[in-house]
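In C-alpha cells below, several structures.
In what comes next, subunit A is part of two complexes: it sits with subunit B in the first one and with subunit C in the second one.
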Partner chain A sequence: MKQQFSIDYLLSNWNKTQIRLLGIWFIIMLVLPLFIDSSYILHIFIATMIYIFVAQSWNILAGLAGQLSIGHIMYFGVGGYITTLLFVNFNISTWIGLLAAAVGGGLLGLFVSAVVLRYGLKEDYYALFTLAMSQMLLLIFMNLPFAGGAEGIYVPFRGSNFLNLQFESKLPFYYIILLFVLLLSYFVYRLMNTKMGLYFIAIRENEMAAEAIGIDIVKYKRYATILSGALTAVGGGLFTIYTAYAEPNLVFGFSQNFEFIIMAVVGGKGTIFGPIIGTMFLKPLNEFLRAAYGGTLPGLAYLIYGGVLAIIILFLPSGFMGLFRRLLNKFKKN
Partner chain B sequence: MSLLEIKDMTKNFGGLYAVKDVNISIDKGEVVGLIGPNGAGKTTLFRLISGFYKPTSGQVTFKGENITGLKPNEICKRGLSRTFQIVQPFHGLTVEQNVQVAAFNRYNKTGQTIDKAKEILEFVDLIDKKDFRADTLTIADRKKLEVAKAYATEPEIILFDEVMSGLNPKETEETIALIQKIADRGVTIFLIEHVMRVVMTLAERITVIHHGEKLAEGTPKEIQKDEKVIEAYLGEAIDIA
Partner chain C sequence: MDMMTFIQATINGLMIGGIYALIALGLTMIYGVLKIINFAHGEFVMLGMYVTYVAVSTTGMSPYLSILITIVFMFIVGALVQKYMINRILNAETLNQVLLLAGLSLFMRNLIMMIFSPNNQSINFGLSHYSYLISNYVVNAPRLIAFSVGVALCLFLYYFIKNTKTGKMIRASAQNRMGALLTGIDVNRSFIIAFGIGVTAAGIAGSLLATFYYISPTAGQPFVLTSFVIVVLGTMGNFIGALIGGLIIGLTESYAAIILSPSMKEVVSFSLFILILLFKPSGIFGGKKNETTI
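Moving on, here comes the complex of A and B:
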C-alpha cells in the first residue's frame, strides 16, 4: 500500500497518478458549492467546467492522435446550434438535443476527415483547413434564415426541468456538468489503454512506424476526428443551453476557439488531467481579470492574461502536467 | 512455391533508377542477406516490398498473393514486417506499450497484447526496462525494441534494415544471436547489412545489388569469391573477419 504512493510508482504509473488527481479534483468540486454563496462565482465554475469538457474533447484529437485541429470550434458551434434549434423550435428535450449534436458533430468530423484524406492535407495545411472550415460555418450559420442571423437565438426559459437542463438555480447544472467532465476524463483514461487509444498515440508519435506495425492511419485518424467532433459538439450544446444564447460570432468565434486550445495546451496536451488543470487555472483568471479591470481599465485584463500565458508558454513547454512530472523526478533524485 | 517473390522490380526517381529489374525469391524458413555498396538501392528495395514506395514497374508476390501497391499496414497484416535503419520507437510510450501497440496487429484485447508484449520483451531481453519511456533507452536497447516491435506483429517474414549499425562488437554479437533465435522459431528473414561479418554469419544465401541492379547471388562463400562483387566493393575493404 505504501509503495503505491512512492514517487517511483506515481511516475511509472503516470495515467493512474492522473486518475488520482482527477478523483481529488472531483471531491473538491463536489464540496466546493457548500462554501460558495455567490451565484456569480458558481457561474464561473460552471463556465470553467464546460470549457474543460471541450478542451478534453479537443485533447482526444490533438493531444492523443496528434492532429492539430485548430479550427475545432466548428464542432462546438454546430453542436450548440443543433441543440438550441431543436429546443427552441420543436421543444425537444435538451438531452435528445445533445445526442443530436453528437451525431451532427460526428458527421462533420466524417466530412472533414474525408476532405483531408482526399486532398492529403497534413500538419500545417490540415490545421489551416480546420480554421477555414470554422469560419465558413460561421458565415453559413449567420446567413441561415432559421438560425437567427448575426443576432443569434435566445433560448427561452421554460421552467425548471431536468429534461431540458434548465433550472432556476445554478446548482443542478453545476453538478451535471461536473459529472460530464468526470465521465469524459475517465473515458479518456480508459481509451488510452485500448487498441484505439494506443493506435491514436502511435500515430501521433510516428506515422511511418505506425503504418509499419499494421495501423491503418487513415481509418484511425477518422475515428479520432469523429469521436472528438461528436464530444465537442455536446460541449457546444451544453454551452448554449446554459448561457441560453447561441450567437454565431461567439460559438464559432476565434477568441473562444483559441481559449479552449490554449487551456488544454497549458495544462498539458495528451495528458488526462492537463485540460482540467489548465482550464481551472486560466478560465477563472480570465473571468476575474475582466471583472476587476474590464470596466475601469479596459485592455488591462487582456494584457495581464496574455502576459501570464506568455510566461507559461515560455517556461513550461509541456504544460502544468509536464512541470508536475519534472518536479516528481526532482524529488526522486533527492 | 516461394514465400516472397520479387519480380522485375523497378523504381525510377525522375529519370534515375534507384532499383532496376531486380528479381529475388525467398523460400519459407530461409535467412537471406541483401548487400551492396552505399546507395546501391537496398533500402529502396525494402520500401518497395513493404509498401512504403510504389514501384514504377514489377511485382511483389507474398504467399502467392500479389501485394504490389498495397499500403504498409495491409502488408503487415498479411505477415510481412520490417524494421527501420533509423530506429522509430514511439517516444511517448513505455517500452511495453511500444510492443503492445504492435501486438494489436493480431490481438484485439488489451490483456492479450500485454501478455504478448511481456513474452516478447522477455525474448529480446528488454523486460527489465518495460516501464521505461522509449526515449530514455540506449541505442542498443532501441535496436532491440525495433526488433521486438516487428516481431510482435507475428510476421512470417521480417525485413531487417541494418539492425547492427551503431552497435559495438558485443552488442552486435547479441543481436546476431537474437535474429538467429527468431529464425529458429520459423520466421523467414531478409536482412540488409553493412557489416559483412554479420551477413556471412547469419545468411544462408546472399543477393548483391549495385547501382540498383542485381549483381550476384549465391552462398556467402560464392559471394566472397565473386569477381564482380569484389570489383563493386573496390576501395571499400571487404572485412571478412
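Moving on, here comes the complex of A and C:
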C-alpha cells in the first residue's frame, strides 16, 4: 500500500496518478457548493466545467491523436445550435437535443475527416481548413433566418425540469455538469488503454511509423475526429442551454475558439488531468478579471490569456502537467 | 448588373485588392522563409493603423508621412518578436507554433484595447473625403493612393528579395538552412530581417488602411483569414502570387457584394478558399509539387 504512493510508482503509472488527481478534484468539487452561498461563484464554476468538457473533447483529437484541429469550435457551435433549435422550436427535451448534437457533431467530424483525408490535407493545410470551416459556419448561421441570424436565439425558461435541464437554482446543473466532466475524463483514461487510444497516440507520435506497423491511419484519424466532434457538440449544447442564448459570434467566434484550446494546452495537452487543471486555473481568473476590471480596463482578461499562453508555449511546452512531472522527477533524484 | 455597376465594382475590388496584396505579401514572406503561419498578422495590420492614428492625431502630420514611423516601429517590433519568441519555436511542433502566435495576437489586440479603448476611431485629413470622378466612375483618393503604394511596395519587395544581397541571403536561409550556414550566412539575422519585413508590410498596409477605414483593436481580424485565402491561392511563399491573389480576392469580394449581398462576400471567398485547399493546395503558381520555398 505504501509503495503505491511512492514517487516512483506515481511516475511510472502516470495515467493512474492522473486518475487519482481526478478523484481528488471530484471530491473537492462535490463538497464545494456546501461552502459557497453565492450563485455568482457557482456560475463561474459551472462555466469552468463546461469549458473543461470542451477542452477535454478537443484533447482527444489534438492531444491524443495529434491532429491540428485549430477551428474546433465548429463542432461546438453546431452542437449548440442543434440543441437550442430543437428545444426552442419543437420543445424537445434537452437530453434528446444533446444526443442529436452528438450525432450532428459526429457527422460534421465524419465530413471533415472524409474531405481532409480524401485530399490529403496535413499540418498547416489541415489547420487552415478547420479554421476556414468554422468561419464558414459562422457566416452561414449568421445568414440563416430560422436560426435567428446575427441576433441569435434566446432559450425560453420552461420551468424547473430535469428533462429540459433547466432549473430555478444553479445547484442541480452544477452537479450534472460535474458528472459529465468526470465521466468524460474517466472515458479518456480508459480510451488511453484501449487499442484505439494507443493507435491514436501512435499516429500522433509518428504517423509514418504507425502506418508502417499496419495501423489503418485513415480509419483511426476518422474515428478520432468523429468522437471528438460529437463530444464537443455535446459541450456546445450544454453551453447554450445553460447560458440560454445561442449567437453566431459567440458559439463560432475566434476568441472563444482559442480559449478552449489555450486551456487544454496550458494544462498539458495529451494528458487526462491537463484540461481540468488548465481550465480551473484560467477560467475563474478570467471571470474574476472581467468582473473586477471589465469596466475600467477592458481587454485585461484576454491580455493575460494571451500572455500566459505565450509564456507556457515558450517555457513549458507540455503545460502544468509537464511541470508537475518534472517536479516529481526532481524530488525522486534528491 | 449593368456595365457601369460592373466597372465600378471592378475599380473598388482592385483598390482593396492592392491592400490585400500588401498584407498577404508579408504573410507569404514569413511563411516562405520561416514555414510559420503568422496568426498574429491581422494584429500587426492593426498596430500599423494605431501608429498612424497616434502620429496624425498628436502631431497633425500627413498620414502618408507617418508611414515612415510605421516602417521603423514595425520593423523593430517584428525583429524583437522573431528574436525572442519565434526563434525559440522554429523546430517545435506546428500546434505550438500556431498557438504562440495566436497568444501573441490576443495579447496585442487586448493591449491596444486597454490603451486606446475598444471604440472605433478614424483620422481626418485633407484627402479623407476627396474622390476623383473619371468619366462617371468614382475613385476615392485615399483608396487610390493606398492601392498604388501597395502594388508598388509588392513589386519593390519582389525586386529586393530576388536581386539584392540581403534578399539572396534570406532566400538561401529559407531554402537550405544548413547550406546557408555553411556558406557563412548569418541565418538568424536573415530570419530576423525576413520576419521584420513581413510584419512591416502588414504595418504599412495598416497605415494605408487607416486613411479610409475605421481604426479599432479588432480591425485587423477580418484581414487574417482573407490573407490566408490569398497566400494559399497565390501559392504560399510566392510574391507575385500574393499580388495577383490579392487582386483576385479583392475583385471576387467586390463582385460577390453586388451580385449576392455585402454580407455574403466573405462566404464566397471562404468557399473559394476551401475549394483551393481541396483541389489545388499548392495554389496557382504551385506546379505539381507542394513547393513553398521562396
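As a working rule, the second predicted complex is superposed on the first by the 323 of 334 C-alpha atoms of A that agree within 3 Å, B and C clash if a C-alpha of one lies under 4 Å from a C-alpha of the other, contacts with A are read in each partner's own complex, and residues count from 1 in each chain.
FYI, a residue touches a chain if its C-beta (ideal position, glycine included) is under 8 Å from a C-beta of that chain, and two chains touch if they have at least 3 such contacts.
Nothing here was measured: the structure is a model prediction, and the numbers come from that model.
Of the two partner chains, subunit C is the only one touched by A:G306; subunit B is not.
By the touch criterion defined above, A:I215 lies against subunit B but remains apart from subunit C after alignment on the C-alpha atoms of chain A.
Look at A:G270: by the touch rule set out above, it reaches subunit B but stays clear of subunit C. Judged by the touch definition given at the top, the superposed model places A:L297 against subunit C, while subunit B stays out of reach. Put simply, more of the residues of subunit A are touched by C, taking subunit B and subunit C as the two choices. Of the two partner chains, subunit C is the only one touched by A:Y125; subunit B is not. Of the two partner chains placed by the overlay, neither subunit B nor subunit C lies in contact with A:E151. Taken in their complex, subunit A has these residues touching subunit C: 62, 68, 70, 115, 119, 121, 123-125, 127-129, 131-133, 135-136, 139-140, 142-143, 254-255, 258, 261-262, 265, 269, 297-303, 305-310, 313-314, 317. Contact residues of subunit A toward subunit B in the complex are 12, 193-195, 198-199, 201-202, 204-206, 208-217, 270.
The part of subunit B that touches subunit A in the complex is made up of residues 50-52, 71-74, 76-77, 81-82, 84, 88-94, 97, 100-102, 104-105, 108, 110, 113, 131, 149-150, 152-153. Listing the residues of subunit C that touch subunit A in their complex gives 37, 85, 88-89, 92, 94-96, 98-100, 102-114, 117-118, 217, 221, 225, 228-229, 232, 263-264, 266-267, 270-271, 273-274, 277-279, 281.
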